[in-house]
Each structure stands twice: as structure tokens, then as C-alpha cells.
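In the two complexes that follow, chain A is the common piece, with chain B as its partner first and chain C second.
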Partner chain A sequence: MSTLQAAAHGRIVQLSRIRKEIADLAKNKRRFIKDFRKIEKCKDIFQFKIIGDGVLYKNMIFTLTLDVNVEYPFKPPYLKFCHNVYHPNVDPVTCELCSPMLLQENWKPETTMEDVLLNLIVLLNEPDLSRPVNIDAAHDYIHNKVEFVKKSTELAKKWN
Partner chain B sequence: MNSDDEIYMEGSASSEDDMDDECLSDDDGIARHDQSASDYLNKKDKDNEVLDHDSLEAEMKKAISEVEAVLQVKTGVCRILLHKYKWNKESLLERFYEHPDTIAFLIDAQVIPRQQEVIPAGDAECDICCSMDELSGLSCNHRACAECWQAYLTNKIVSDAQSEIECMAPNCKLLIEDEKVLSYISDPTMVSKYRKLMVASYVEINCLLRWCPGIDCGKAVKVSHWEPRLVVCSCGTCFCFSCGQNWHEPLNCRHLKKWIKKCQDDSETMNWINANTKDCPKCMIPIEKNGGCNRMLCTNSGCRYEFCWMCLEPWTKHGYQYACNGYDETAVKNPQDAQEISRANLKRYLFYFNRYMGHEQSLQLEGKLNIKVAKKMEQMENMSMSWIEVQFLRKAVDILSECRRTLMYTYAFAFYLKKDNNSIIFESNQANLEMETEQLSGFLERDLEDEDLVTLKQKVQDKYRYVEQRRKVLLDHCAEGAEQDIWQYND
Partner chain C sequence: MSDEISILIQDRKTGQRRNLTLNINITGNIEDLTKDVEKLTEIPSDELEVVFCGKKLSKSTIMRDLSLTPATQIMLLRPKFNSHNENGATTAKITTDSSILGSFYVWCKNCDDVKRGKLRVYCQKCSSTSVLVKSEPQNWSDVLKSKRIPAVCEECCTPGLFAEFKFKCLACNDPAAALTHVRGNWQMTECCVCDGKEKVIFDLGCNHITCQFCFRDYLLSQLERFGFVNQPPHGFTIFCPYPGCNRVVQDVHHFHIMGQTSYSEYQRKATERLIAVDDKGVTCPNVSCGQSFFWEPYDDDGRSQCPDCFFSFCRKCFERNCVCQSEDDLTRTTIDATTRRCPKCHVATERNGGCAHIHCTSCGMDWCFKCKTEWKEECQWDHWFN
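The block that comes next holds the complex of A and B.
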């Protein structure tokens, strides 16, 4: 397959996957996902809201963007909060979610956007402390849980 | 400069061809011939083997076929198993035989699936690209169309540079056998890349193999057993097998790593030192060092002061007999607070760093000697001396370089050494070697032009033999100390 043919095939694959996954999302009617929509005309960047569950973020609303690059599903999407979140796995500068699932070397093409969003919910409730990107938040979570809860809920309320 | 040391190779015809080509293309117009290197180098080289890409692939395949005959599994599975056990055949076979359940053993090694999906009947939609197509996959029965397998594998090979690739499905850890990979990727470029990745993983995970750090050299060195030791590649690069750095005897790999990091961290200090210029201690005019010899002459016509570059003492007092390699710690008197302690530590570090860099600089500047020596050798051959008779000059330059490198690392070694009776003996050996090395350097720098040939040869040969002996005494003492664990370190 030539380079151009490969690129064209990749684009067709990407569009087919995105179309199918959006249809699946609509069909599955996940209660925790709201307002899933495309926000860029020429790029596949989606914005959506997550309604938190569990003890910590019960009914909190988080706004995120999901950047599905041209090489999806062979390369992982890029998931980013639209506002600050005090969380071990959220970069305090870029607000990017750093999940093991989204690392290039761990990524599997059969993983869907819905799988990514489910993983996001899991991470919000149970941070992955094996590779924190916000060291302060990880430290608080381990040694000073009260402080962590206080800071994270305060920051989350700020955007609700 | 490139080392002219003898290169010992066996079983690698193509490497020998490369070696011949390198000799013939020597820039100085004199073809290099194998010469006897130091005894210790000769002895150690016999354990080493230099392998190019094709030889490495052949070695890998040989190991695979040996294991394949015993385990009775497919070639691709054998490679995965050997990779898991770091290409240690004995370790793999031992684990295989002592494991009570062969199936569980293979599941743990990710070569047979933990569970299998049920395959639906008839045509199916590919989960990757959402098109109807004939689907295929691995023994775990996770399936996709051929185009998606090709795109996935190409991405793993090109973007991720992986030679161990897992199934596409989430939560499936099954590794794809080489035969399966090659059945999906048809592009010859991709096949070639994948084979290179296999060989690269073979070298990098194998503790008996290391890539040569030489520029543009694609070969690896194989040893019979792992230890920090000097190895020589057919491209002429000498390096430590354990850490891949320049051979750094008597300093061990751990201290070398710390020393390199410390020198990098203190680079601003390096700027402050400005090792390339120093003021004449008599008339304060800046002087640039242009050769390897540490005997300096102030070029100011009103001064002509001779002094030692390292300690700035007058040369009449210093001469080649004076030792300036010992740091006098009693001179640091009663530091009163943290700042004074910090200042004393910096002062101590600078003492050793200065001399380390001094010898490194000498080593680089003495690289220019090759040109002078080549001219002198040509001149001597024109005046009735035979080719073999003038080789003593090249030998002298090689020994001088080895001594500079050894002295360089002795100062890093001394930096981490605690003061005691053993370190005093070490410093005595170091002083001797440094003194004799400076004299040899002086002969080659200063006396090369105006000495008559017979006298020059006698002087140079006597000196370089003695210098080599002093270096051996120093290194033997360090090795003996390491073996008997008598060195006390302050890190």
C-alpha cells in the first residue's frame, strides 16, 4: 500500500469508527455523559460534560474535550479538561488527563471512545497513584486525605 | 585519536572484510597493521567477538533453533520465550522443566491465550474499521481485517519501534509470533525494519552483548561472561562493556556515572575555571596551553618564566621530579560554618576536576602528535631506517594516550577515595606515572625535531617501556584493592 493510499485508508477508517462510536454512545444512553458534540469544523475535537458519581464528586459536572487525531484508532485520542482539576492524574498546567490507557505504547485499536470515558470515571474516583502527574495532589491523597478532599471539591465547585 | 590496538575477531568473515577496508582507507597514507598491544589487552580480547547485523541475526537464529529442538514449539514462540528470559537458554530450559504445568507456563509467557473468544458464523464486521470483510487473527480469536492488521503492525513497528507486539484487543496480552507479523506486512521496507527491531531487542536485552558506541558503527560486541572490562570493536572504538563509556580503569562504573553527572551539574563552575587559559604567575599575562606537556614557558619576551601548568610552581623547583598530584587536606583549616564547609568542598572538587580536565585536554592536544609523528616516521624511513624500525614512535604516542586516559580517571577515582594508608600508596603510584608521562610527552613534543635518530630512539623506547610499567603497577594496585575490598569511599 502506498503512502497516499495508506493515509486515505486511515482517514476512512477513522471516520467510520467515529461515526459508529457516536451512534453507539447515543444508543447506549450513558447517564453520566451529557452534551457530547463536535466543536471544530475541520478537526475531530469533541466537547462533552461528565456528571461525577461516587462519594467524592457526586453530581459534580466536568467539561472536557476529546481530540481524536487522524490516525485514530491506531493512535490514542487526547483527553483534556476545560478547567483546573485537583487530581493526581490531571496535569495542573495543561489540564490533560494522563491515563495508562491513553499512552501510545499501551493503546489498543479496539478500545473505543466510550471505553475511554468509562476509564475517566474510574480514574476520577480512584486515582492511579503509580504514575502521578500532579505530585502535590498525589501526596495529599496518600498522606492528607482530608486536605485532598477539601481542595478537590472546592476547585470542582468553582466550575459548577 | 583512534586506538591502534590489535583487534581480535573470530567467526565473522564480513567483519574481517570491514576491518580490511578500514585499514586501506587510513587517512595518514600509512596502512595500519596489527601490532602487539599490551599484554592485558591481548588476554582480555580473546574473550570478545565483534558481530555485525547479519552475524547477530545468525546468532539469534542459532539460539532459537537450539531451544526449538528441545521445547518442540514454533520458531516465533521460541523467540518470545527467549526474549522473556533475556536470551539465557539455561534459565529458560530450567524454568520450563521445573514448572508443573506446561500450559500455565506458556500462558504466563503470553504465547498461548488465557481465554478464547467464540467466533460467530459467517462474515462479520471488523471492529477496527467498521467494514464487512474476511476477518483473521491469533489463537485468542480476536479478529480484524487484513488491512487493519497491517496498519496496526506498521504503526507498532514504525512509531513505537516495538518487536514484541500484543493482540489488538483491549485486555488481551497475547504476543504475536514473528511468522504471523510477517504474513500481514508485505512491504519489504517494513519487513526489513521489523527484522532490525528483532536484532536490536536481541542485543539490548542480552547481558552478553552491547552495541558499540562508536559513531556510525552498527556492530555489537559479544563477551563470554558479563563484567566491566575493556572491549574493542572492529571500528577501533574502545569502551567499557558494562556501561558503554570510554574505558575508565581504575574508576568503577558507579563512580564514573556520578563523576560525569557532577561535572555536568557544575558546568558553571567549569566556566569559572576557564581551563584553557591561565595567567603567568610571574608577569600575569594570560597564557594559552597549546600542547600536552605541562611544562610551560611564558612567551612574554621580558619574562620567559618556566612553570608547571597544573600547580603554577616554578619549573626549576618543580622539574619532572616534583609531585603535584596530592591534595593537602590539612591546609583546609577549621571551617566554621556551612558556607565554609561548602567552600572547602568546592575547593576540593576543583582540585581534582582541574587535574582531570588537564589530562583530558592533554589527551586531546596530543592527538596532534599523530601528524608530527607520521612526518617524522616518513623522514626517518627516507634516511635509511627501515619501516619496522620507526614504529617505536607510533608505539610511544599510543602509550602516551593510554597513560593520559588512565591519569584522567585516577583523579576521579581519588576524588571519591578516603584518605588512609592505601590512598597514600595510590597517590605515590599516581605521582610516579604522572611524572614519567610528562617526560615522555616532553620527548615527543620538544625533542622530536632536533635529536639525532639513534639517541632519540633509545631515549623514547626506554621511557615508554618504563611508563607502561608504571601504569601497570598503578592499575594492578587499584585492581588488587578492589578485589580485596580495601578501598574506602567517601560518597
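The block that comes next holds the complex of A and C.
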């Protein structure tokens, strides 16, 4: 298998996987996802809205972009909020979600976009404190829960 | 169609041994073969037993299924005592589907590709192919390990012998390494990554099927940041591509599908990691060298010499002229404060910022820099920010 053939195969896999997974998302009709659409003609970047549940973010709406980069599914996609979120696993500068599932070392090629979105919902409700990127939010979550709830809900309401 | 094959006839009744070259019809069966031999040698065909790959073949076996090549030799055995009932019982007992002989896959160094392979049986002592095994191989261990299957060799007639199994490439007939995780996609199951239905698939025993192209891409993406983990006794290997599955590749020959360049890089990186983990592993500090090696503990004066560039240095401070004695208290304090060894694999770790939670990139363990133990909930509450 030459390098050119390998690159072609990678692209074929990527396209077939993305097509299949979008079809699955449409078919499954998850109630917490809406307005899932492609925003770039030449790139596989999708935008969608998440309806939060649980205690903290009940019925709040978050807008995110999912960048399925060129080497998906052998490399993980990027998941990024379109606005600020006060959360231990969301970078306060870039608004990128840093989930253990999306780390290259934990990523498996058979993980689907739906798995990523489900993981996002879990993370919103239960932050993963083992690797925080927003230290202030993590500190508040551990030592000052009231302050954390106040700040996070305030910021979430701002975009609704 | 007709093929030419080499035949060895062992006539135990008359004590004769004969070598023949015979033109056979590849679509015929064993019975046709014995009848052709009868014309040439006048030995009754019902007295002949055909032995191949250490087994008596049933008379209905098709010649094509045996994957014959010009180098193949078939043994025809005429036993000393002939009993029709006994032969019938023996033949019925040993009858197996011989198409299994062609269902292996191997890595062929000559072809530089995954190829269909064939299994050959040899005498442990004299390497003859005139071997009769006493029981069937039941699993991979029976053919990959030695001294598993007792055998009788018609050449050296020594008691207590074992069969020796080898794999060869079907295309070029070179010896090749068996790939135990590669098999044919008999049920035409879809690849879990690309949903394609390929003929050749990887299955680590967990039934998570991956086609060889996706598995290759998976290996290459893991090699980029070296996602292989040391799993004794398999060495640096990789988990199943399916999330949550803990099966690993058990033979590093499978990684040859990455290509020669990538495989060499895998070997180099794995070796470097192994040396970094071992207490007796050291990397030459000479700027133009970078060689890694193990030092031996005899006659140890704390100095080592690189076998490549012959640079001699103190192993503790990595200087040609030792400066350990002149180390001041401040340096020692800094070293004690910023460096630890991973509690699981003992790789040296320097902390240059952040929290006390350490994720070891060598063995994947999460541990606490302060406690020097596995990361626990109390570490999370008490040691995170200091």
C-alpha cells in the first residue's frame, strides 16, 4: 500500500464515517441536540445546540462547533463552545472542551460523534476534576460550590 | 490442468524407497493420485496411505486444497501389515477438512505484505518432511511452540520425537511469520471503523473486526505520538481499536503492516522507552551520539562508557569529569523538589509546573507527585493545588 493509497483510504473512511454518523444522529433524534448543521462548505465543521439537563443547566442552551479534522476517525475531533462557559473542563480563553475522551491517547477509532456528544452532556453535569483547564472553576467547584453554581448559571443565562 | 509433483514412496513391505515425479490433475483427489501411482509402481492403490503435513489424507481430499508448489513433496506410505478394517477405521478417524491448510495469513518479508500462508511439518531432529503426527494441532500454541505434538519420522525412525511446524508464504514460498490476529472475513462482517466488508480482517479475539487498512491507519496514528504500552510478555503493544476493549496485539510481527520505515521507527522508540524505564538503562550524554544502552553492575565505579562513541562519563551527573562531590545543597534541594520516579514503571519524571497530578506517558498510570503513589481521591482534595 503506497502513501497515496493510504491517504486516499483515510479520506474514504472519513467521508463514509461522517455520512453514516450524521444519518444516525438524524435517525435517533436525540432530544438534547438540535440545529445540527454544517457551517463550512469545504471543511467538516458542524455547529449544533445542546439543551442542558440535570441540576445546573436545566433547559439552558449551549452552542458548539464540532471540528471533524482531516484524520478523523483515527484522530479525535475538536469540540468548542461558541461562547464563554464557566466550567473546569472548558478552556476560558479558547472555549475548547478538554475531555479525557477527546485526548489522543484515549481516543479509539471506533468512537462515534454521538458518543462524543453524549460524553459532553455527562461532562457538563459532572466535571472531570482529574485534568482541569479552568483552575478557578475547578477550585470553586471543590471548595466553594455555591460560588461555582452562581458563576456558571449566570454566564450560561447570558447566552440564552 | 496438470501439475508436476515430487513423490516419495516408502514401501515397508519390500523395504524399498523410491522418488518419483508425477504429472497430476490438480482438480482430482487423493484416490486418483494413488491410482496413477499404481500404474507406475504396481503397488495396489488401496494399500497406499498418502501423508502430507504430518497427516494421512482422506481419499476424497482435492489436490488443489493442498496448496502444492514445485518444492512440495508428498509421501506415500505402504505399511508392512495390511488390514482393510484397520485401514478403514484409521482413515475415518483421521479424516479432516483439509481446506483449513490454506486459511492462515502470514507476514512475508520477501513480498513485504500480508499474504496467505501455508503450514508445513518437519521432523524435530532431521528436518525431514516425512513426518506423521500422532494428534492434530488444536490451537495456535500447538503450532507456534515447540514440543507440543509427538510425531513419527520415517527418515530417522528415532523414538520420542516432536513435530516442528513452520509457516510459508503461498506466493513466494519463503518462510514467514504467522499473524495470529489476521483471518479471513468468513461471515463478511463490516469493519467497525469504516463499515467496509474486506476479505482480510484483524480480530484480537474480542470479535471487534477491523479491516487491515483501518488497522494500519490506526497503528500509524498511534505511532505518531507513540501510544504503544508495555505489556509483558508481549512487549510494546496496542489495545483493540474498540473503545473500552482491553485486548492487545500479542505478536509484534503484526506491526509490520505499517511499512518498513514505520516499523523501524516503532522499534527505535520502543527500545528508547524500555531503556528509560530500566534502572540500568542510560543514554549517552555526548551531543553527537545519543545512543542508549544498558550498563552491567559488575565492577561498578559509577562510570560508564558508551559502546558507540566510547565517551566515558559519570552516570550520576553525566559529565566526563565527575562533579557529584561539588554539588551544593541548593542543587540537591532543587532535584529533590522537582523530580520523582513513576511508582509503577520507575521512569524519571520532572515536574515543571501545574498541579501534583501526574499522568505517566510511559505506562499510563495516574499518580500523585507528593505521595509517590497512585492518584487517590484524598490526593485530589488535598494535593491538587500545591
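What to note about this one:
One rule holds in what follows: the second predicted complex is superposed on the first by the 160 of 160 C-alpha atoms of A that agree within 3 Å, B and C clash if a C-alpha of one lies under 4 Å from a C-alpha of the other, contacts with A are read in each partner's own complex, and residues count from 1 in each chain.
To be clear about the criterion, a residue touches a chain if its C-beta (ideal position, glycine included) is under 8 Å from a C-beta of that chain, and two chains touch if they have at least 3 such contacts.
Please read all numbers here as calculations on a predicted model, not as lab measurements.
Aligning the two structures on chain A places chain B and chain C in clashing positions. In the superposed model, A:H139 lies in contact with chain C only, and not with chain B.
Looking at the shared chain after the overlay, A:L129 reaches chain C, while chain B stays out of its contact range. Look at A:P73: by the touch rule set out above, it reaches both chain B and chain C.
In the superposition on chain A, contact of A:R17 is made with both chain B and chain C.
Touch criterion not met for A:C42: it reaches neither chain B nor chain C. Between chain B and chain C, it is C that contacts the larger number of residues in chain A. Of 63-71, 99-107, 153-161 or 477-485, the chain B stretch that intrudes into chain C once chain A is superposed is 153-161 (criterion: clashing C-alpha atoms). Once both structures are placed on chain A, chain A residues 1, 6, 9-10, 12-13, 16-17, 20, 71, 73-75, 104-105, 108-111, 115 are touched by chain B and, in the other complex, by chain C. Chain A contributes residues 1, 6, 9-10, 12-13, 16-17, 19-20, 71, 73-75, 104-105, 108-111, 115 to its touches with chain B in the complex. In the complex of the two chains, the chain A residues touching chain C come out as 1, 6, 9-10, 12-13, 16-17, 20, 71, 73-75, 104-105, 108-111, 115, 129-131, 135, 138-139, 142.
Taken in their complex, chain C has these residues touching chain A: 192-196, 208, 210, 213-214, 216-218, 220-221, 225, 227, 239, 241-243, 259, 357, 359, 361, 364, 366, 375, 380-381, 384-385. On the side of chain B, the complex with chain A involves touching residues 127-131, 142, 144, 147-148, 150-152, 154-155, 159-160, 162, 166-170, 172, 187.
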